[in-house]
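Chain IDs A, B, C and D follow the sequence of writing; residue 1 opens each chain.
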C-alpha cells in the first residue's frame, strides 16, 4: 500500500474531514467547498476502486503497527460499494441542498443562511464517519466512528430548528447514544474474552458466554441504531421533521452504518446461533408489517416516507435471515443489494418529498390534490423511487427482492417469501396514497399551473430516483464489485 | 469458586452501574435525568474496560483499555454537551410557545 | 490484602450506590451533585486499578466538565421560570407498568451480563506485551500516551473530530449573545480567579508536558485549560462577541487540522499514514498534543458557553 | 443491407427513449411533441419492417445482458415476437395520430404521451422477451406505464378505477414474480424454448409442475381478463378513448394473452401441458369467459363498457385456441391475436369519435348517428360485422380456424361454443348498427350543444384500421398476411406438425 501516497483509504476519510473544517471556517463558501470535497472524495474512492479491482482486499496498517496493536483500515468489494454509494448520495443530496436552502427565511425555524452554512460541515463530518465505518477493521474504532456519525446526524436532524425537529432530534440522540454505549460495552466483553479489538480477532475466538454477551450487546445496540422493530420508535419523527436534504442523508445513509457493522460482525463470526438470526428475521417481519401499517396511516408525506424506511430496514433483516446461518455466506449479497437499493431510492424520495413540500407549501397527504401547483418532476421522482422501494422491475429494489426470495425459496423458507410479498403489497398500498394525491385533479379550485419545464432543483431527485430504477440493469457489475476480495469467504 | 479479585469487583460494579443507567434511560421521564442515566451507562462500560485491563497485580495494567476509556470520556462529554444544548433550546422554545 | 480488598468492595458498593442515588434524587440540583460525586468516586476506583490517566480524565472531564455543563443547563432551565422541582423539562410521561417491565428487562439483562462476566477468562493476555515491545519506537515513554497518540492515533483523531462535531452542533442549535449573563462571580471569587487562572494555566502546561512520560496528556491538560476558560467566562474576563467568531472557529479546528495534516504528511516513502519517522516522533507528537490541547480547551469552554455569539436582529431573541 | 445485431434493442429504445423526452417537454411545445411522436412511431414501423425482412432471411437476433448469475435480460426476435411487435408498431402509429387529435386541448399532454410511449415500449419488450424473467420485467413496466393513462382524467372515478386496476395487475404481477421465481428454482432456467423447459421437472414432480402452470396462467389471466380475474377491465373504461383502444387492442389484455401463449408453448410445451392434464381446465375457463363476457356485454348501455365485455369474451378465443393444443387451433388463436386487435381498436376509436363529435356515450343515444358521422360509423360497422364473424372479414378467418382446430382436437362442442358466441356477438352489436343506420336521430340529440365537427386526426384512424380489417380478412391467404405468418410460427412450435 505504500506505493500510493497517501493511501486512498485514509483520503476517503480525511478529505471530507478537511472539507468540513474548511466549510466551518468559511461559512459563506460552504456550498462550494462542500461539493468540492465530495468530488475529491469520490476521486479518492475511484482510485481505491482501481486498486481493489486489481488486488482484492486492501489493508492499511495505520502508523505502520498493524493489528492487533494498531488500527487497520480494510477495503474490499463490500466496502467499496458502500463508499461509492455514499459518495453518489452525498453528491446528489448536496446538489439538492443548493436549491433546498436557497430561500431567505423559514417561519418558526432557523434562518436559511444559517442552515446553509451549517449543513455542509455537518454533512461532511457525516461523510467522514460513514467512510470511516466502511473502512474500519477495529471494533473500538467502529464505536468512535458511530459517535462521529451520531453527532453529525443529530445536528442535521435539528437543522431546521423547529420544536418538532428538536424534540425528535433529542429522542434520536438518546437512542443513538444508548445504541453506541451498548456497542461499547460489547467491545469491552470482546476485549475481556479475546484481548484484542480487531475484527479478525473475533474469527478464531472460542464460543463462550462472554462472547455471546458481547454479540448480544452489539446486536441490540446496532438494532437500536438501525431502527429495527421494535426499537424503531425514534426514527419516524426524526426523519420526517428534518429538512429534506438532512432527511435524505439520515434515511439513506445513517441507518446503514449500523447495518454495515452488523454485516461485518456476521462476517467475522462466530455468529451467536441460528435462533438469533431467525429472531432478526422475525423482528424484520414485524418492521415490514408495522412500518407498512403506519405508513398507511401517516398523515404527512414525509412521515409516510420515514415509516417506509422502518419497513425497508426490516426487509433487509429478513434478507439476512432468509436462508439461515448456512446461507449467510450468500444472504449478505441480498442484504447488500437491498441496502444499496434503499439508499439510492430513499435519498431521491426524500429530496422529492422536500421539493413537493416546498412547492405546494405543505405535505399533508389528504390535501395534496387541492393544490393547483403540481411539481411534476418531483412527483415523477417520487414515483420512480417508489418503484424501486416497492421492488418492481427492473429497479435495484427488484433485484434485491428477487435475491432475497430466490435464496429463501432455495432454502425452502417460503415464509420469508410470503413476508416479502406482504411487504410489497403494503408498500404498493401506501405509496399509492401519495400518487393519488399527485394525480387527482377534480378538487382543485384555482386554475391549474401546468408543468412549464425544468428547474435545476428537480435534477437531483429525478437522477437519484432514476438511478434507483435503472441500476437494476447493472446488478451484474454491482454484484461483481461486492464480491471483490470475497467478503464472507468464497462463493458457495 | 471464582476468586474475588479487584477486577471482578470493579467489573461487576461497572455492570451494575450500566444496568442502573439502562433502567434510568428506559424509565426516566425528565430529559436531564435520562442524559445522566446515559452518562452512567458510559461510566459502567468504562469500568468494565478498565477491569479488563487489570491482570494479576504484579504486572503493569494493559494501557490500551485505558486509552480507550479516555477516548470514551471525551466522546461522552461531547455528546452530553450537544444533548444539553438541545435541551436548553427546546426549553426556550417550549416556554415561549406556552406563554 | 484483605483490608485493601474490603476497601475495594466498599468503594465499588459506594459507586453503585451513588449511581442509584443519582437516579433516585428528586431534585435536579441534588441529582447533578450526586452525579459529580459519583464521578469522583469512580476516579478513585480507577486509581485503585492503576489507571491514573483515566482517573485524571474522569475528574477533569467526566465529572468536572460534565457537571459544570449540567449545572449551567439547570441554571438556564430554572431561569426560565420553572419550579425548582421540575427543573428538567418533562417529556411524555411513561406509565407505571411499562416502567416496571423496562426495569425488569434491564435488570435481567444486567444479571445475564454479570454471569457472562464471571464466566469470562480472567487472564487472557491483552495487548500489554505488544505495547511494551513497541514502546521504544513510539517516541514517548508513557504507555497510555503512546497508545493514544501513536498506536491508536487514528482513534484519537476521530475523538477530536467528535469534539469538533459537538461544538458545531451546539453553535448551530443555539445562537445569540447570552441575554441573561452567566452567574457572575462575586468579588472575592474574582480575586481568586485572578490568582487561580495563571496557576491553572501553568498546571495545564505541565500536564501536557508530563504526558509524554507520566500520567497526563492532551486531554487532561485541555480540560484544565478549558476550566481556565470557563472560569474566565464566569468572571467576565472573557466576553464572547461576534467579532471573536473567526478566531474561535480557527481554534476549534486547529487540533484536528494539524493532527490530520501530520498524519497524512508523514506518509509516503515507505511509511503509512500516522507512521511518524522515529527521529521526529516525539517532536511531532508534542506538536499534535499542543495543538489538540489548545483546541480542546477552547472547545470545552465553548461547549460550556453553549451558543454561537451572533447579534440577533429581533429585540427579544427566542433563545 | 448492413447487419444490425442491436436492431431489437433499437426498436425497443425508439419508444423507451422517446418517453422521458416527451415527459420533459413543456406543456406548450405542442408542435414539437406531435412531430416527435409521429416521427418516432413512423421510424419504429420502418425498423420493424426491416427487422421482419432480415428475420425472414434467416438473421437471428439474440441480445443478452446478465443481471444476476444465470439470469439474463434477453431480447430476441423469433417469428412470434415479430408478429406481436409488428402489431404494436402499426397500431401505435395509428393510435398516436388519433391521440394527437383527441387530446388537442386537454391538460397533461406531456405526461400522456410520455407514458403512452412507455406503454408501447413495454409491449415491444414483452413481445421480444426471450425468457420469462425479461417478460416479467416488461409486464410490470406495462402496468406502471398504463396506470397514469387510465387515471388520466384525474377525477375521483378515474382514480378509483386506477386503484382497482393497480390492485389487480400488481397482484397479478406478484403472482407472476412468484411463478418466475418458482420456474427458476425448479427448472434452473426461465428461457422460452419451443417445446418447453419443464419436461424433467414434470417427470419428477408433476404436482409442482401443475401448480406452477396454474400460478403462471392465473398471473397472466389477470391481464388477459380471464373470468373471474377480469373485474378491472370494464372499470378501466374511464380512461380516454385512445388509451382504451390501446389497452384492448395491443397493450394490456394482449400482453396477458401473449404471455399465456409463451407459457403454454415455450415454458411447458403443449404436449407436456396436455400430459399434465392442465389444458382441459384452461379450455373450460376460456369457454366460460367467452360466454360470460358476451352475456354481460348484452346488458350494457354504455358503449365503451359493452366493448370492454366484448373484449373479455374475444380475447379468450386466443386462450381457447392455445389450450385446444392442435396446430390448426393454434393458427386460429394467433391470428385472432392480431385480428381482434385491429377490429377492437377500430371500434374504440369510433366510439371515441361518437363521444367527441356528438356527445354520444350510450347505446340508447345512438339513434341516427350513422347519418351524422357516416365515415366513423362505417368503420365501426365493418369492425362489428367482422367481430361477429361474418365472412370474409378478419374475425371470420380466426373463428374458422378455431372451429377446425376444435374438430381436429376431437372437441366438437367448440363449434357450438363458437356459434353461440357469434350469435351473442350479433345480439349485442347489431342493435347498435340498427340504431345508427336505421333510426332517426331524436330532435334533442340533433340539436345537442355537444355536437362539434371532429378533425381529420380523429376521423381518419378508425377508417384506416377498418381498411386493415377488410384487407387481412379478404387477403388472408396472401403471403405475409397475418394468417400466413401464424402458420409459419405454428409450424415452428409444433415441429413441423402441419
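Keep in mind that, in the parts below, contacts are C-beta pairs under 8 Å (C-beta built on N, C-alpha and C of every residue); 3 or more make two chains touch, one makes a residue touch a chain.
Note that the structure is a prediction, hence the values are computed from the model and not measured.
Among the remaining chains, those touching chain B as well as chain D are A. The minimum number of touch steps linking chain C to chain D comes to 2. With every chain reduced to the mean of its CA atoms, the largest distance from chain B is reached by D. Of all chains shown, A has the CA centroid lying nearest to the centroid of every protein CA atom. The distance from the centre of chain A to the centre of chain B, each centre being the mean of the chain's C-alpha atoms, comes to 28 Å.
Averaging C-alpha coordinates per chain places the centre of chain A 42 Å away from that of chain D. Taking each chain's centre as the mean of its C-alpha atoms, chain A lies 30 Å from chain C.
In this assembly, the C-alpha centroid of chain B lies 12 Å from the C-alpha centroid of chain C. In chain C, the residues that touch at least two other chains are 91, 113, 117, 126-127, 131, 151-152, 155, 159, 162, 165-166, 169, 173. Across the assembly, chain A contributes 140, 144, 147, 151, 154-155, 158, 166, 185, 189, 191-192 as residues in contact with two or more other chains. Within chain D, no positions touching two or more other chains are listed. Of all possible chain pairings, those that touch are A-B, A-C, A-D, B-C. If you check the complex, the residues on chain B that touch chain C are 2-13, 15-24, 26-37, 39-40, 43-44, 46-48, 50-56, 59-71, 73-82, 84-96. Those residues of chain A that touch chain B in the shared complex are 140, 144, 147, 150-151, 154-155, 158, 163, 166-167, 169-170, 173-174, 177-178, 181, 184-185, 187-189, 191-192, 197. Contacts from chain A toward chain C in the complex involve residues 1-2, 5-7, 10-11, 14, 17-18, 20-21, 24-25, 60-65, 68-71, 110, 114, 118, 121-122, 125, 128, 132, 138, 140-141, 144-145, 147-148, 151-152, 154-155, 158-159, 161, 166, 171, 185, 189, 191-196, 208-210, 212-213, 216-217. Those residues of chain B that touch chain A in the complex are listed here as 18, 22, 25, 31, 34-35, 38, 41-42, 44-45, 48-49, 52, 64-65, 68, 71-72, 75, 78-79, 82-83, 86-87, 89-90, 93-94, 97.
Taken together, the chain C residues at the contact with chain A in this complex read 91, 112-113, 115-117, 119-121, 124-127, 130-131, 134, 150-155, 158-159, 161-162, 164-166, 168-169, 171-173, 175, 246, 249-250, 252-253, 256-257, 260, 263-264, 267-276.
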